[in-house]
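Listed below are the structures to be examined.
After this come two complexes, each holding chain A, first together with chain B and then together with chain C.
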Partner chain A sequence: MPPKIGVFSFTSCEGCQLQILNLEDEIPTLIEQIDIVNFREAIDEKGQDYEIAFIEGSVTRESEIEEVKRIRERARVLIALGACSHLGGVNVLKNFHPQGSWLSTVYGRSDIFSDTIPTKRIKDVVPVDLVLPGCPIDKREFLRFVQGLLLNIKPRLPDYPVCVECRSKGNVCLVEEGKWCLGSVTRAGCGAICPTYRDACAGCRGIVEGSNIESLRNILMEKGYSKEEIRDKFRIFNGLEEIQNLL
Partner chain B sequence: MDVTVEYNDIDRFILALQSRYNVIAPVSKDGRFIFDLIDHPSKVSPKYDSTLLPPVKWIYPNDEALLEFDLKDAAKIKEITESNKQALLFVHPCDVNAINIMDEILAEEPSDVNYLKRRWSTVIIGYECLGPCKENILCFDKSYHIAYSGFDLFFTDIGERYYVQVASSTGKEIIEMIGGLKKAGFSDKTELFRVRDERKMRFKKSIHGNMDMLSHMLKEAYNDEIWNIEEKKCLSCGACNIVCPTCYCFDVVDEICPDMEKGTRYRRWDGCQLHGFCKVATGENFRKTAAERVRHRVFKKEVYLKKRFGRSGCVGCGRCIDHCIANISLIEIFNKVFDRVREGV
Partner chain C sequence: MTHDIHLHHITRVEGHGNLVLNIKEGRIEELRLEIVESPRFFEVMLLGRHITEAPHITSRICGICAISHTLASIKACESALDITPSADVILLRKILMHAEVLQSHILHLYLLVAPDFFNVGSVIPLARSNPEVVKRGLRLKKVANEICRILVGRHIHPIGMTVGGFMRIPAKKDLEEVRKVLESAIPDIDETVNFFKGLNIPEFNRETRYCSLKDKGDYALYDGKLYSKENDFTEVEQYRDFITESVIEYSTAKHASSGDSSIMVGALARLNNNYSQLSDKAKEAAQRLGLTLPCTNPYMNNIAQLVESVHCIYDSLRLLDRLSSGNMNVGVGRVDVREGLGVGVVEAPRGSLYHEYGVDDKGIIKSANCIIPTAQNLANIEEDIEALVPGILGLSKVEMIQRLEMLVRAYDPCISCSSHFLEVKFIE
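Coming up: the complex of A and B.
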């Protein structure tokens, strides 16, 4: 019996779901091996019987908390899909502004109804079994995760920073050029796609184990970035991570 | 028999080389240089300082396929060894020496079949350094600024023309294939000796200590606090390993086809400076701290490889210094080691 899989979406741009659908060449073979019962961006069916749940998006409304809990109860394996789900994503930026200011900033008035709350990661609401990081996720990594589940092998994420992939490609280092980049403390697996296109790594795959945040902060300060600027760069994706005291 | 190649004849030389080999040469990239497959001689920059990645990576590529396997039948394993006829053009002496070191390491039993097969199909054409290419080099301290072997042809700029030393039968074949090149005469040789003689005036030593004693001095400094100082800076990002021309550690990764029937095993460059490098299956980490890891990198090159092969495993190209954004420098470490041991700390 192919395992039943559900893909669920909370506060996000839904780009990670789209990345799954971007596996155009692999999907015909893939759906022979898995049974997708719930995947709003791809199918009409809204099955509630699934073993494996991928959750995209962060929790930013009171009502989402119950929905996430319901999915957790039903799923044997719960996987956080993408940066919003894993780290809170860019949605966390609102947490650094006064709670009352969000609605008036976005809608021009604050008296409209909304149950908006400070952004939470999925792991802040329910236990998460596995994380598939990235903004957006890497579609090949999604494929490896599904294959791992089918083979009963725990999928392995790279445990080294983006620099390894970036240097391996023979890229010119942005920090060497005096620019900011968080690649040296961020988990690899993206193929260093941003720095390869000469754009800074903003840390969407989360902080890698064994990283030296203080050293990177000192390096960036030597390059002329202020403490606040550096903190803001880390907040793009890692505002809820336990590194704030190091910045 | 050595020959000379006029400056304005170099394009013809490269074009002819391309007819038989994939030519990998220094080309500019975002203000730096890198060894890359060239499509036209005009792309080649013979005068370059250093390259982002060393040329040896074309013999030891990242994500190289090692074997194909069958998930349904474990006995069905197909070994993969690939090699293209390639010519590494204008390789500096430090990098020629680095390839010599890699040859020695990887030919040791059990030999690295994938590396050796690529190595055998690789032609190496050296390019003499008549002065330091940049700051942050230790090649002169280590006498690796000169290459005595490990190349098929070797270019030296003697003004208006290159002196080309023909050092192997393959090199001789290439020269014959290109044809029309002048034999090096007495005046060319005199000029070669003259520019080589001037070379030693241009290089400066970076280390104030006897390099023959370095291995011994490092052992004395094994428990020194300098490693803890480096730890504060080290990002454990592995850049120094990736850009090193004598780092050869790799990890193995499997990729499975979507049909879940077949897969391919690859090797991926790894590095001893990475936090997870010494982590084993049960979770223990044998070099938990960056201090231990930085010390290991230095000891690997200067103590362990030296013990095995009788010479330093670091050719002094300085890439690890140039590309360390935390400013960890072997030059600084070696000088500190000499200072501290001298001071009797």
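Coming up: the complex of A and C.
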């Protein structure tokens, strides 16, 4: 029997779900290997008998806390899909502004949609078994995870930084050019796609264990970036991670 | 007879939405298209950030229109900072815009709409019963993704598109590859026109106000002035005179209107306004599909999307020819900041997308406003349902719901950006 999988979406751009639909060559085979019972963006069926749950998005409402808990109770394996789910992602940026200002800034009044709370990661609400990181996720990595789950082998993520992948591609180092880049402290696995297209790594896959954040901070300060600017760069994706005291 | 239709979390749309419809003795007592998507507060997130960071952050508003958001954002920044990109930069941006429109329309037509025509719940059973159909759709979708991969690394959250130009300058072989990919799509897009030609589109007409960009030269997707037949041309900076946003209690997406009328944006609105500027092949496709313009049947938005898909492929080939043959001038220059206000508008796949930022003399964002296409269509969808219901009361419950869901889906609502959609319950 193919394993039953559910894909669920909370506060996000839904780009990680779309990355799954972007597996154009693999979809016809994939749907024979796994039984997708719940994937609101693509199908009408809403089965609740899934064993594996992928959760995209962060929790930004009280009502979502209960929904995530229900999914956790049903799923044997719960996987955080993408940066919003794993790290809080860009959704965390609002947490740095007073909560009282959110509704009035966007809607011009604060007496509506009262159910909005500071952004939480899924792991802040329920235990997460596996993380498939990135903004968006890397679709090849998704396939590798599914293969692992089918074979009952726990998928592993690289334990080295993006810098390693970037160097092996022969890219010119952005930091050496005086620009900012978080590739030296960010978990690899994306193929250093951003610096390969000459843009900074903004840390969407999270901080890799054993990173020397202070050292990167000092180098960037030597290049002329202020402490606040460096802190702001880390906040783009890692605003909730336990590194804030190092910045 | 009383119908209480509550379509909770409408499926096969982008985002979360509910349709509440209460019919008593043939009259609508209650009608609400509820948008229950969590608000994201991007206008808050941007405050205090440097203006050059805005395109990177606002791309994350929507996975399916990431390029549109990036470009509306870049245009707002460039307008605030008085930066004029080179002709080559604009050509490459237009090609990327075409790729996104193609990707989004094809995804909608094949993966979300086509199952309705075969009476199946999703693309999964369709892939088993008609694999050649689904595979063709996936090949076309991949074409768009490949173009984005070659030029900006990926479609979802493009890399290196920034204020002034591109961080990575495409090599000649990249452009040749883009051309090959586009040419490979021609037989499939032609077959797609044949395929959708045979599908039965419900007949339902209602006049509304069609709003889009309109440009002097090209069929407007990347650039132009705000236009509707009733309003003629409006400068993008004056958008508040063109469109009014209002907060609705039951919707985390705001509603929009123009004058005293609800408005329709997206493929059908664009075709109604700018049909004459389509490429010849797209006009030919419209003819083959039986689309005569102006058209007031919202279900035909699906067909309009297909006509635009044809246009995007052929017009991208034309744009490629216009790029400089020698060294392209697309690199990023120096960005000098100044105090100012900038507005950027593009035609995202689902319609006009507005970004506006106010910045101080250090380039720090002090105010931000984004108006999303789906939000502009919500009031119009409600008015369509109001007009549609009396004509379909004779249908069975199942057929009625299907007709309603198909109407909502024809607008291709992208609710994750406008702030998800239909569980059904009848009370008799």
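Assume the second predicted complex is superposed on the first by the 247 of 247 C-alpha atoms of A that agree within 3 Å, B and C clash if a C-alpha of one lies under 4 Å from a C-alpha of the other, contacts with A are read in each partner's own complex, and residues count from 1 in each chain.
Definition applied: contacts are C-beta pairs under 8 Å (C-beta built on N, C-alpha and C of every residue); 3 or more make two chains touch, one makes a residue touch a chain.
Everything numeric in this text was worked out from a predicted model, so none of it was measured.
J.: After superposition on the shared chain, which partner residues are touched by A:Gln33: those of chain B (first), chain C (second), both, or neither?
T.: Once the two structures are laid over each other on A, A:Gln33 reaches chain B alone.
J.: What is the contact status of A:Arg61 with respect to chain B (first) and chain C (second): first, second, both, or neither?
T.: second
J.: Going by the contact rule set out at the top, does A:Glu241 touch chain B (first), chain C (second), both, or neither?
T.: Touch status of A:Glu241: no partner.
J.: Should A:Glu51 be classified as contacting the first partner (chain B), the second (chain C), both, or neither?
T.: neither
J.: Could you look at A:Gly170 and tell me whether it touches chain B, chain C, both or neither (first, second, both, neither)?
T.: Only chain B; A:Gly170 stays clear of chain C.
J.: Thinking of the overlay built on chain A, is A:Asp129 touched by chain B (first), by chain C (second), by both, or by neither?
T.: A:Asp129 contacts neither chain B nor chain C.
J.: Just chain B (first), just chain C (second), both, or neither: which does A:Trp102 touch?
T.: A:Trp102: touches chain C, not chain B.
J.: After overlaying the two complexes on chain A, where does the chain B footprint on chain A coincide with the chain C footprint?
T.: Overlap of chain B and chain C footprints on chain A: residues 25, 198.
J.: Over in the complex, which chain C residues touch chain A? Could you list them?
T.: 9, 11-16, 38-41, 43-45, 47-50, 53, 56-57, 60-64, 66, 107, 111-112, 115, 121-124, 127, 131, 134-135, 138-139, 141-142, 145, 152-157, 159-160, 162, 167-168, 247, 249, 252, 254, 416-417, 420
J.: Touching chain B in the complex: which residues of chain A?
T.: Checking each residue of chain A against chain B gives 25-26, 29-30, 33, 143-144, 147, 150-151, 159-161, 163-164, 167-168, 170-173, 175-176, 183-185, 198, 208-212, 214-216, 219.
J.: If you look only at chain B, which of its residues touch chain A in the complex?
T.: Contact set of chain B toward chain A: 29-32, 34, 52-53, 62, 71, 232-239, 242-243, 255-256, 258-260, 269, 271, 274-276, 279, 290, 322-323, 325-326.
J.: In the complex, go through chain A and note every residue touching chain C.
T.: 9-19, 21-22, 24-25, 27-28, 31, 36, 40-46, 60-61, 64, 89-91, 93-94, 96-97, 101-102, 105-109, 112-113, 116, 135-136, 193-194, 196-199, 202, 232, 236
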